[in-house]
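Both of the next two complexes hold chain A, though its partner changes from chain B to chain C.
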Partner chain A sequence: MPLTTEEMNGVLVVTIHEKALDASSVKQFKTDMTPVLEHAKLVIFDLSQLEFVDSSGLGAILSCLRQLTGKGGDLKLCGMTKPVRALFELVRMHRIFDILNTREEALHTIRR
Partner chain B sequence: MRAIVFATGYAPALTSLNERHDSVSLPLLDRPFLQHVLENLVDQGVTGFDFTLSRKPEFFESLFGTGTRWGSSFRYHLARDPEFPYRAARAIEVYFKQNPDEPVLVGHGDRLPLLRLAELRAGAGEIVMWYEAATDEAPKWTGWALVPARLLAEFPVQTDETGLEEFLRNQPAAPQLQTVAACLDFRTYEGILKSHWDAVAKVIPNLLVSGREVEPGIWLSRNVSLHPTAQLKAPVYIGENCRIEAGVQLGPQAMIGQNSVLDTHCSVTGSAVLPGSFVGEGLELNEVIVDKNRLVSIRFGVGVTVADDFMLGTLAQNPITSWLQRTLSQLTGLALLLLSWPLLLLTALVLKIVRRGKPVWYVTEVVKLPAAGPELDWKTFKLVSFTPDRRGTGWFSDLFLRLLPGLLNIAKGEAGFVGVQPRTKEELAGLPTDWQALLRQSKPGFITDCMVRYGNHPTPDEQFSSETFYAASATWWQDLRLMAGFVGKLFLPSLPTERENERVSERG
Partner chain C sequence: MSTKTAEFRLAPGIAESTKVQQRFLSTFGQVALPLAKAEDLAVAVVFAGESHWLTFNLTCTCLKASFGRIPCFRPAGASLTCYSMKFPVVLEGSDNGEVVVCGKPGQQAIIQAFHSLIASASYQCSLERNMDSLITELTASWESLSAVYEISAFIQDKQMVEQVPTVLEHIINRATNGGPNLQAVLWLLNPAGDSLEPVAAKTSRILKTRSTGFGLLGKVIGSKQSLLLTSREDIRGCTELEAEFSKAVNLAVVPLRARKRELGAIALWSEDECAFFDTGTLRFLETLAVQSSMLLENNRLYQEILATERLHQEIEIGHTIQKTLLFSAPPANLSGVQVAARTLPSQMIDGDFYDFIVHNETCFDIVVGDVMGKGIPAALVGAATKDHFLRAHHELVNSSAQPAVNGPAAVVAEVHQKVVPQLIQLERFVTIHYGQFDLQHKRFTFVDCGHTQTVHFHYRTGICDLLEGDNLPIGVTHTEQYHQFEVGFEPGDVFFFYSDGITEARNPEGNFFGATRLVKIIRESFQNTTSGLIDEIFKELQAFAQNQVFADDLTCVAVKIGFDDWPSLRVNRVIELSSDLVELARVRAFVAELCAVQGFKEVAEEVEIQLKLALVELVTNLIKHGYQEEPGHQMTLEASRSGTQVVFELFHQGLPFDRAEVREPVFDGSQGHGFGLFIIESCLDEVVYGSLDEGKSFVRLVRNLD
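On to the complex of A and B.
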């Protein structure tokens, strides 16, 4: 899965360059995220290019959050497109994740 | 000027109504309370809004949109915890970096004080806090203040409204305290009713209300069918498309929400009937709030669900598609049961021999979904199975031990082929609130999204994400796909689940 990572003031911003995070792509996403999560503690997922997420995608992002919070880190999500944001709100994932509108908001609020 | 509105709907005093509404989405006369707040502020010259939402944010995002309807611009922020929403202020502060001394209106969406922004005189960087006029108690903060934008970055995070008030009052430059003549307050049942009578009495000027005042204090909206023998005593508000039958007595102080029906000779005094409710013949409502079949007594602060439809009920109709889907599932279940009963008997016989004295049938009392109201009101049904495991045991054993006897439940319309895992009352009540709320709107089934994706031993996170996803977005097409996935596993057991895929890659 095409992912790019940028380090900004000690925070790793991961951009997912994929339109869908579903059963067909989630395995690759998890594989690609494994080394990223091993080294980073503060992570922001920029989901601005993602247009569809299914339950496997939700589960995969949730698993990233568990791994990061398990070692005292933090994960924030930002830049969601309307359909993805609507899904996160419908399944009440906004009560689990910090969802910010923009990367700037996320960088501004992530605890360092 | 921009306004930051904390509208998370946190109102612990409204627990009896919390299932369908929260303090900001409850209607004041004809529209959600938050919409009145927004329209009032737009009327006073506020040009942009930052809403912080938590409970059902999708409702307001879709209702308000981008704000162009009001000639305004809206941004939405999400609070994880509705009780502590002020973390969002730190994110909002990003937008004021260029002008940190810009005055920003900050307030809570469940209150609408009579602010007179045009008359406000505040110096640069000054804080203004609005208080309700003191009666016998100390003055109460209305939850609204004007602050310089730079202060947003310092808003306390893990604090409630009292903490925010303290924070603002303890700023080095003492805030200017102003008193308002009136404040509509939707945090308590008493406040909700009082706000209605204040709104009808035009205590807050320029409040937008559909309908017109046909006599002093008597408001009628369009398409109201009012029987000539009905008696109305002001203040009374009747919303759109209501039917008021013969001999009904309304008022003083009666609010009837849109699309409601009041049957003959009932009376409503000092009460609000929320939209889409039915009030039965001869019923006397005094100091209550009625929300469909839920009745909340203001005096005692408790709510009860009325089971008898002829007394109180809902007028909302189920969409025909869901009825068709349910009937089709029932008929298919019945047809399959008729076709497969020899197989069912044979399986029971084989299990009787193999299990040697152990039970063949397991009957578990599980919750019938959808389930509304508090736990006491949940209905149950007896789930029949050849195994005590309700999650899934393996593809073929699922078919023979769970789905085959479950055809009885499917034919009776108690469960579907596809759905969420059936749960007992205790299991459902023990789930986290959001998970439970979503499942309670869903339907139980034998083939689950979780089982098809992750097999029979999902992690709690996998189960949570797949069940909430299914509950929130299930369609007949998705059901068909899951059924196809299940059948595929039966005949092509070599097809790995996502979980098996991961195990393979981990080993690799």
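On to the complex of A and C.
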């Protein structure tokens, strides 16, 4: 799973360069995220290239949130496409996550 | 009469006297001759210059020679002493003349007495003449009356009009009964009025049809005046004399007329010197002419009634042809389109026709045509042409290896091959609009052969296009290349096909209904059903024409593209999947492709997302739990789509699934799993798990689209 990360003012912005995050790709995502989550506390996921997320993808993202909040960190989501948002709303996860339109907004609102 | 005038001698080379002159001679002679004989006087009666009548002069024979020239009656150098006097004779018109009396000197008193003799004879003569004409008139009237009675009785005996020639023969016989050796012919003008035909005759002469406008017959018919000729000289003197009259001594010709129309003429003549025609004869012949004219006119009216009845019958037959052969019922089972067709028959029979050829659930053809001309022949040509379209369609389908749908140009070209030689021979041609609706690709393709412009109403913009091709009507040329044109359409669009009877309907002022009015109604009434739209158009047409019946048939077909009420349209897709999670991308592509199939109302983006989610969750569950992520197993995903519903059926041989074992999901973020089934059930209207034989199972998912 191609992920790119960039550090901005102590916040790690992770961009997922993938069209779909589903059962077929979620394992790789989890593997790739493990070292990222070990070092970072404040993470922003840029989901703007992701066109499809299924329940397992959502589960993986939820797992990231739990890990980060568990160690006093935070996770913000931004750039969410319409199909992805549809899933989040379907399983009411839009209430659990902070979902922001742009990376800038996410950076602005993340707790430091 | 002849015995009394026997004492007068006709000088050689002198013209015959008229009837009036003869009557005078006879009356005058009765007293003048005995006196002349007794007194030995020479008496000459002179009429019209050259005509001399002489008594025998017993004593003055020397004068005989001199009497040859009355104008120089008193010879200047006469050696004998004589006395002569000249008295005027006043009869009537041009019949005035002179009486010259010649005697010896001393006979003056006697000679002068002739004056009163002449006056008395003149008077006697006029009395006789009046009496004669009265008798003639009475006789003629009686003749006419008896002829009328006789002919009427004859007509009553006959089946009237059926027997016109017989009655005319009878009239001719009646005309020739009036005297010995009479000949008569009844001539009738042909309908074009350019030739005369002998229809009844009693004559020894040979008669042939002849052109009108010359001869005595031409003169009589042209002048509408009867003609009576009573001397051989008068008859021979006529220009362009008909051959049959060349030996006639007496001739009467009377025109036949009815309602100010010339019908022909009747001629009666005699070659016998003894026969004598007069105004009575003419009256009699005129009476027969009136009888003949009435008979012919009655017959014409009767034929007209028959023709009207025949026309009605023809219309009946025509309407039967139309109902059974020219118009097919519009297809009712097409998905997503409404088709209505109607024709309002006119007083005449037209060759309008329409037909529909349904290729499959999403493709059908429509053909509307109009045969030039009217009547049963036009209707039959229409029926035959219509039939050829269906045949052409079948032949093209059968001859091609693949069951492809042929385009309009191919079909029309095939029909052209079959019908054009006959159409050209029959001197008929047919205007055609042949169109093909492809509902799946939303394309309308057409060939237009000189037909009216088809109206295409665009629902989205409210604009009407008039569709027109560039071909000539079928049957005009042997070598026509047919061109097809293509336009797109969208849900709600209306196509209106029609015969020129609609746009060329006229109001009382003579204006055409026109395409502009038609377009206006369509733009205003597009929300109606197709049948309601046609109602509206016909209502407006009748209001415009201020009439319920039209000169031409009004024929039209309306097609309306529906929105989503296409329940019978169904597209089926199948995909084989292996038990590998990499197949999930194919599952999404499969759903996307199904949602993008043309010919349906668009699937909302949300729905497409939900269908993708549900299918991905289902396939994931099956691979993970049904097959325990063991690769190499096959699943079959079948999908079918209609206008209102999408149905997926996934057939597999994985472990059966027990819905009851699945726990409800937790939405507080504490659990990252357990959402799959919830997603599937949220996104679909119906989820059924079933098992088949031999360890096969299926899951059926239904999503309604409204």
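What we mean here is this: the second predicted complex is superposed on the first by the 112 of 112 C-alpha atoms of A that agree within 3 Å, B and C clash if a C-alpha of one lies under 4 Å from a C-alpha of the other, contacts with A are read in each partner's own complex, and residues count from 1 in each chain.
Rule of thumb we're sticking to: a residue touches a chain if its C-beta (ideal position, glycine included) is under 8 Å from a C-beta of that chain, and two chains touch if they have at least 3 such contacts.
This is a predicted model, so every value here is computed, not measured.
Participant: Sharing chain A, do chain B and chain C clash or fit in the superposition?
Facilitator: clash
Participant: Have a look at where A:D22 lands relative to chain B and chain C in the superposition and call it first, second, both or neither.
Facilitator: Second partner only.
Participant: Look at A:E105 in the shared chain and tell me whether it touches chain B only, chain C only, both, or neither; answer first, second, both or neither.
Facilitator: First partner only, chain B.
Participant: Which partner does A:I96 reach: the first (chain B), the second (chain C), both, or neither?
Facilitator: A:I96 sits against chain B and chain C alike.
Participant: With the two complexes superposed on chain A, say which partner A:F52 touches: chain B (first), chain C (second), both, or neither.
Facilitator: After superposition on chain A, A:F52 lies in contact with chain C alone.
Participant: Applying the touch criterion given at the start, work out whether A:P83 contacts chain B, chain C, both or neither, answering first, second, both or neither.
Facilitator: In the superposition, A:P83 contacts chain C only.
Participant: Is chain A touched at more residues by chain B or by chain C?
Facilitator: Comparing touch counts on chain A for chain B and chain C gives B.
Participant: Under the stated touch criterion, which partner chain does A:K30 make contact with: chain B (first), chain C (second), both, or neither?
Facilitator: First partner only.
Participant: I'd like to know which partner A:S63 touches here: chain B for first, chain C for second, both or neither.
Facilitator: both
Participant: After superposing on chain A, which stretch of chain C overlaps chain B: 153-161, 621-629 or 639-647?
Facilitator: Residues of chain C that clash with chain B lie in 621-629.
Participant: Common interface residues of chain A with chain B and chain C?
Facilitator: The overlap between the chain B and chain C interfaces on chain A comprises residues 23, 54-56, 58-59, 62-63, 66, 86-87, 90-93, 96.
Participant: Once bound in the complex, which stretches of chain A touch chain B?
Facilitator: Interface residues on the chain A side: 23, 26-27, 30-31, 54-56, 58-59, 62-63, 66, 86-87, 89-102, 104-106, 108-109.
Participant: Residues of chain C touching chain A in their complex?
Facilitator: Those residues of chain C that touch chain A are 581-585, 588, 605-606, 609-610, 612-613, 616-617, 620, 623-624, 665, 667-669, 672-673, 675-676, 678-679, 682-683.
Participant: For the complex, give me every residue of chain A touching chain C.
Facilitator: That would be residues 20, 22-24, 52, 54-56, 58-60, 62-63, 65-66, 82-83, 86-87, 90-93, 96 of chain A.
Participant: Would you mind writing out the residues of chain B in touch with chain A in their complex?
Facilitator: By the definition above, chain B touches chain A via 54, 56-58, 61, 75-78, 80-81, 87, 90-91, 93-94, 434-435, 437-438, 449-450, 453, 461-462, 464-466, 468-473, 498, 501-502, 505.
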